[in-house]
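The following pair of complexes shares a single chain, chain A, combined with chain B in the former and chain C in the latter.
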Partner chain A sequence: MPRPKTTSSSVAFEGNTTHLKSSLRSAFLPSHLPAANAFIGAGMARYLGRLLALLFAASICGAVTIPGPVSDAHRSAASELFDGSFSSLEEAYEALRVFEILAIGNKPDVSATACKKVVENLGSSSPVKDLFYALKVNGILKCKVNADVFKDIAVRLKATVTDASTLVDMYYSIGSLVLIKDQVSDVDVLLADADGTFHSIKALSQSDGRWRYSSDNPESSTYAAGLALEALAGVISLASSEIDLSRVKTVKNDILKLFDSIEKYDDGTFYFDEKFVGGSEHQGSLSTTSSVVRGVIAFASVISGKVNLPGNKVLGLAKFFLGIGIPGDAKDFFNQVESLALLENNRVSIPLVLSLPETVYSLSKRDQLKVRVNTVLGSAAPPLTVKLVQAFRSDAKDSVIIESKELQYDKSNGIHVLEVFPDNVDVGTYVFVFEIVLHDSAGEKVFATGGQIHVPIYVTGIIEVSNAEIAVLDSDLGSVETQKKLDLAGNVVVELSANHLQKLRFSFQLKTPHGHAFKPHQAFFKLKHETKHEHIFVVGNTGKKFEIILDFLGLVEKFYYLSGRYDIELTVGDAVMENSFLRPLGHVDLELPEAPEKAARLPPLPVDPYLRYGPKAEIAHIFRAPEKRPPQNLSLTFLSLTLLPFIGFLVGLLRLGVNLKNFPSSAAPATYAILFHLGIAAVLLLYVLFWLKLDLFTTLKTVGLLGVFLMFVGHRILSHLASASSKLKSA
Partner chain B sequence: MIIFIKVFKRREEKRRGFLWCIAKSRRSERMARSSSKDAQDLFRALWSAYAATPTNLKIIDLYVMFAVFTALIQVVYMALVGSFPFNSFLSGVLSCVGTAVLAVCLRIQVNKENKEFKDLAPERAFADFVLCNLVLHLVIMNFLG
Partner chain C sequence: MANKVKRGVAVLLVAMSKLIFVFLAFIPLLCTSFSPERPSDRRVLVLLDDFAVKSSHSLFFNSLKSRGFDLHFHLADDPKIALQRYGQYLYDALILFSPTIERFGGSVDAAAILDFVDSGHDLIVAADSNASDLIREIATECGVDFDEDPASMVVDHSGYAVSATEGDHTLIASDDFIKSDVILGSKKIEAPVLFQGIGHSLNPTNSLVLKALSASPSAFSANPKSKLTSPPSLTGSSISLVSVIQARNNARILISGSLSMFSNRFFRSGVQKAGSPTKHEKSGNEQFFTELSKWVFHERGHLKAVHMQHHKVGEANEPAIYRINDDLEFSVEIFEWSGTSWEPYVADDVQVQFYMMSPYVLKTLSTNGKGRYFTSFKVPDVYGVFQFKVEYEKLGYTTLSLSKQIPVRPFRHNEYERFIPAAYPYYGAAFSMMAGFFILTAVHLYSK
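Take a look at the complex of A and B:
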């Protein structure tokens, strides 16, 4: 599947089923999520599976409605997407063109920078592609460019046209010449050999309507066909003499052939796509379709006759572009908006888009069914009447409820209204078939209305709930022990008690506003134990009545032998049921037998899926408590106490009469002695520094150096002392 | 009393007056079962015996006492307030004890009565003492934290 399709289907779903989804949301009560986790029997699962498939089908149905015309959402998206910054003139042109088409007022002012670039590109000998986009930007901004510059370029471009061998070169040079012709009146841009140029482009065409990029490239491309058609249109408008009509006719045939290879979706959407994959410049289906649309419309606007294309295909192309929704890519956005602008006003056929503001009709509100018909860009359509051809239930095609009704035109709002909604329409999903009839019969040729348009409509209403009854029965005899009537519309709750030998019966009836029995998508009966274990049962439908009988004897194992209070909850919901509800019915006190030893263990409670995305519990960091420190005074006292032995030591020394008489008196040994002591002091000081701030490596390095020094001076002084004492001894 | 003598024994055993001291103490032991005068005599005798020690050895003794008392004060402090920065306590006490042990070693080597170390110059012993102290305190500082 090509890329834009994926975006198209998903975005179309977003855009057109909002109201449907909101109604679905109201019908799908919040209980359905936990319900998925709870016990559901095999039969029930199958039932649910069918139900989901049905709903899925319904939502798909909603997705195939015709997408509405371009709206303000597009304009705000464009303002965001094209924020005024662009790297090339091509991007600048795309942004300016989108702003021009969508008539966005508060666009970013890029004219100064863009014009500067335009003048730069036009002045120098830049490639044709840059010239082409410079001229395109100039066409919008009307920059101040010297007229002589255009003359020089025109001469250069004419030379390129005759020399060009590839389609792309021709496309850009011819396109540039056409742009010059539109912008400046007095420059001669007419091609002398228009016939020859026409022929050389046409020579690249293939039998299936596609084109080759160059004569030595055998691969043909749909994208190239678009370029070629635009170039041919340019050649025709630049021709100094009339182009041979037979040549134009063959190109018309090529276009028809090209439209034979158009791709199609089931909902009537048409688009073009490249056949071969693997080419170096593979284009997506959006750019391919956009290229073809540009080419065909350009060609149709310059020829004298009309290109006869089937209206449904043109409308299908419009559907394709609108179905994309709002592309997130600037290039895609430009392609979409420009193609829609071309479809808005062209000579082939102008598609008219029928859209419904709401595809939900409420029987209780009795509002009107409104239909809007616009062109693709949202402007008013010519005078026309919308006819409701027929309407039938979406599940039964032959059950026609309405036939051929004309919608009234409300001029002030520009909408067509079905004023009287037929009384025989009950709640449900329907398909309404509309047809657009133009007042001016000549308009049939100008506009593409698309014939019969099928639109799924949801008719909703208030469903009447009645005869609700809850009872506890004796299992063996079937006699009623307690029986209570319930008013499901009110808030009354019941209190029941039962044991495993009894049964619980619950029944109610649903009626549509027309008195028919109604079968909702959801009818669930839920028992929820105090421990949050819950069991969900589907309430069966027996003809007119919904009834469920719970035989507790058979359910004891499923209930894990859990006695106690069970809360009862009832869910009834449907997409077309306006009063879908989820309400508590009361509770039942169950007395179940003791669990045997072999009984299945109670499973852990499912985690609430909503909790998983909630805030996590705050993390409390546990830090080590700081150790208790002694009072400071005590520590200081002991610090001074440690000084006492030192003082004692000094006093002792004094008393011993220690002196420094042995200190060497001569110069060299005294120096060594002082250095020795200084060295020791230095090492001790280094140790203190090591304790306070240095690391081990620095300390060891320094200690090494100091140690060598210390060893040297120490050796000198101590050996001096030793020799002195030995001399003394010997003496 | 006996303990006290034993403490001194280690110090005095390699000294000249040691045998004499033992003899005297034994004598006084015999005599002074209950007399404090005898104890006083004993101390006086011990003191006078110690007075004959060379001054350099006395300095070392004083140094050892200084180190031991500093260690004792730290132990008392720890007993009072608990051993929280245990590495600091250990390094403080071990620094003192280590210093004392090294000083004792120095004293053994320097003592002239020790024939074992007769060939060893006291300067050489002091150099060893300084080197060992520096290494010890490098480790102590590293452990101090």
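Take a look at the complex of A and C:
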């Protein structure tokens, strides 16, 4: 594809090698998570890429920013998502549970319809799964259910537990029994052979900590591990006698093995993913992770000892759930919220989330650095101190600007504040390293704080622009032709003119609020020809000063030998520069030599779509002009002139004294004479009619008939006249 | 035993042939492209990198579902996906929300997707920084060139969205929309649209591709983490963030440089553009993409023309031939698909051409506001085989191209003007001679 912008041009100023180096560096810098991925093997990248897409899409910032705890946005999204209509009790339970966890007040009232369904499902011999969710809904709504019903169900469920061959059946029936135990006190739900049940579930486990769904299904699954752990927890709580401790210990080991297979992102996010593809139902990483969390926490809550999981992994799981943002799917939402609720209060390790309401700080507004520490659902953390271990520039690790400072705790708002930035904090991007120190040292076993937390911080400020100067130089001597000072803050524009033997020099200075030289990310000098062809140059810096010299002699080819007016624009911008600007500087009239024949053609410019369409100009046909005709009076005059000879003829005849004395006197010749002349008159009349309306065929036909008649009568009268005259002569 | 097997095979064959017959009967129902006859029959295949996108972008999908689209979600590398079966397309439109996919599963590849578009189907492609070569290839074929640097993003230090947690100015608030009511709806999009992703430029030789959302003049496309040493290949308002294409067969394509633009997070997020005091409660993303998807899926801007008629002034029937200088009346009815029904299309720039090699008459049609367009004109005094042509091209609308052939003859011999005053002297001369002849015959024969 031809690109209108020429990248090679910069070589003239920057040098080829530096250009190459920087592009290589940028290609391999794992600065951005997805960026790093593109260079991992294809399969791996695909796998990770999917999840990254999730994280990336969900959180506005893909970088290392820490997601905050669940907030009001979650609550409003929940009331939008769960609108009170549900098709199954499973969905009803999910909605009710989310409302319960998030403590949403104005929830839709579904208790009447849901309870009706619960009673229906509990009464009939419905499948275990429906029973399970009916009991779960009942646990929240406390529907009025006859106690006898529970007894019947308990008996049925116990039978199912002993008969069940698949993990899912066991999970639902044991889960249901646990729910009955919690809801009704006088029903006997204890398992007689808890040890055997425990064993039959444990028998499905694999060496890597995952579980199989059933004994005849060889594929192991992480999701199933979660179900199994929850079922085992149920068995322990339903056991009539103590479960063998060694068995519990092996399960603990299984959990540790399962956590060895945990997946990880660079920013310390941990999650579980289903390895095998092609199973009956594919579970996403969210449902897999939440299943494991549910299982592990349920198991940890029923056993006497503690499950020793590394705190950073638990925190990583919390990060995973929070990093998803607000899922738009009801099931995902439920999984996320329920898992977070379990992490909020568990016996393994409670993650504390350190979040910054802002990571962009303005020096000009004198912002305060604020840090918030909460549990995952946003409730207050135990008494603690946030320590700023150190802060350094993100591009230079050794330039430590702040070292070990404790943040003040603002009780009224529940935030930790760094009152003022130290004086040596200039504009730029920094990495702040925080550490959470719990006041109660025993809490370290209960809470997961995640050690040192790196947070990228942007410190912005107003950059002072000064000493802007634009000049046209003579090439060989370097003497200044015209020089103009510019105030870049104002609106003054310059008008310059130059030819191809001259040079254009433009320079300016940038200073940070602390008076240091500042190098912005973007410093573009743009020349734009009338024809919309643009040329962009990066303004390089030499020490404190930014300067660009355009030698037009070397640029004529790049400019396609286009003389004329070039508008000059300067763009200076940086992420930490609050007054980034795009400013027209004026224009320069360039006189370039004529293009040689071999010169490169101008690249095509995109067509303006607004001009391409639209109505065309109307076209009206120009008809042939009618031929010029003489005025009617002239024709009439000539008509009368043409009649003159006829009149002259008549006058002549009268003058000659014509008469009709020769007209035959006898009857028969007289009749023929009259008929003959009537015939001639008829032919003449026919001519008139032919002129007026008749066509040639009718005329010829009639002429034929008349001709025969005329011949006959003509012959008669003419022969009569001839004989009369011959008689006269002979006489 | 052998008999039994034979019978079993026969039964099986009959059953299979029945099945095939039933399937064949249903094939026409598995509709193909947008057609004026069955415009509401819309099946959409959505290919994702991860099913999580289905949930994180649910607002966009729900808006499609609520408008009656039948969405089929698949992973992009699902080996079971197919666009067509037995030569019939299974879907009417395709949404590619899989920016990182290197190879599609099943029989789908870039060529298959382009064939899909070539047969008049619609396509939505969302790329992102690190877009795969496959996605880039599809975009290039559509006239859209993504920045070649895979790590590059669109950065705008003047037009970024103010955010407390977003410091690198890659989250852009853009409000440079295409000026077209048909593409973006008649309601103005008040809030800027949030964008975070890779920029692209339009191929200048492709005149079908349009910038639906452009970057501001201060934007540029580069890796935000690395220092700039050479001018970026894409700068200023030539960077397109979202582009739309209407192919010559009226297939419509939407290409976005950002997948997160479609996400619930961006749909719900508030937005404040840097330097602007107004803070909008909600970004323009939802409105932008709802309206844009309406356009892409032909719920707006799809025209059909019917009842193209012409006749002589004062007559009702269409003649087989016109004579030069006849006065004629021409009319055509144009309707626009609104998503549920055909509504009269009202515009003042529909034109008709009376065309033989080049237009002899080109006239703008008047409308009655109910879809009927009409005009009257005089047949030019040139005879030959003409065409009535309605070639309607308008930004965002489907192209109408209608023509109707009609011959034009010259005057017949008896259709010329007669009794011209200028000929009176000739008439007078002839008739006076005839009268003279009559008198002369009488005088000659009978005078003594």
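One rule holds in what follows: the second predicted complex is superposed on the first by the 499 of 731 C-alpha atoms of A that agree within 3 Å, B and C clash if a C-alpha of one lies under 4 Å from a C-alpha of the other, contacts with A are read in each partner's own complex, and residues count from 1 in each chain.
FYI, a residue touches a chain if its C-beta (ideal position, glycine included) is under 8 Å from a C-beta of that chain, and two chains touch if they have at least 3 such contacts.
What you are looking at is a predicted structure, and each value in this text was computed from that prediction instead of being measured.
S.K.: Of the two partners chain B and chain C, indicate the one touching more residues belonging to chain A.
M.R.: More residues of chain A are touched by C.
S.K.: Which partner does A:S719 reach: the first (chain B), the second (chain C), both, or neither?
M.R.: A:S719: touches chain B, not chain C.
S.K.: Scan A:F646 for contacts with chain B and chain C and give back first, second, both or neither.
M.R.: Both partners, chain B and chain C.
S.K.: Using the touch definition from the top, say if A:V703 reaches chain B (first), chain C (second), both or neither.
M.R.: Once the two structures are laid over each other on A, A:V703 reaches chain B alone.
S.K.: Have a look at where A:L605 lands relative to chain B and chain C in the superposition and call it first, second, both or neither.
M.R.: second
S.K.: Go through the superposed model and pick first if A:R565 touches only chain B, second if only chain C, both, or neither.
M.R.: Neither chain B nor chain C is touched by A:R565.
S.K.: Would you check which partner chain A:Q522 touches, where first means chain B only, second means chain C only, and both and neither mean what they say?
M.R.: In the superposition, A:Q522 contacts chain C only.
S.K.: Is A:F690 touching anything from chain B or chain C once the two structures are fitted on A? First, second, both or neither.
M.R.: first
S.K.: Both chain B and chain C touch chain A; at which residues?
M.R.: Shared contact residues on chain A (touching chain B in one complex, chain C in the other): 629-630, 635, 638, 641-642, 645-646, 649, 653, 658, 680, 684, 687-688, 691, 721.
S.K.: Any idea which chain C residues touch chain A in the complex?
M.R.: Listed in rising order, the residues are 49-59, 61-62, 75, 77, 99-102, 128-130, 140, 145, 149-151, 155-158, 163-169, 171, 178-179, 196, 201-205, 207, 210, 217-218, 220, 223-236, 238, 259-260, 263-266, 268-269, 325, 349, 351, 353-354, 359-364, 377-378, 380-382, 393-395, 420-429, 431-439, 441-443, 445-448.
S.K.: So in the complex, which bits of chain B are touching chain A?
M.R.: Within the complex, chain B contacts chain A at residues 55, 58-59, 62-63, 65-67, 69-70, 73-74, 76-77, 80-82, 84, 121-124, 126-127, 130, 134, 137-138, 141-142, 144.
S.K.: Under the definition above, what is the set of chain A residues touching chain B in their complex?
M.R.: Those residues of chain A that touch chain B are 627-630, 634-635, 638, 641-642, 644-646, 648-649, 652-653, 656-658, 680, 683-684, 687-688, 690-691, 696, 699, 703, 707, 714-715, 718-719, 721-722, 725-726.
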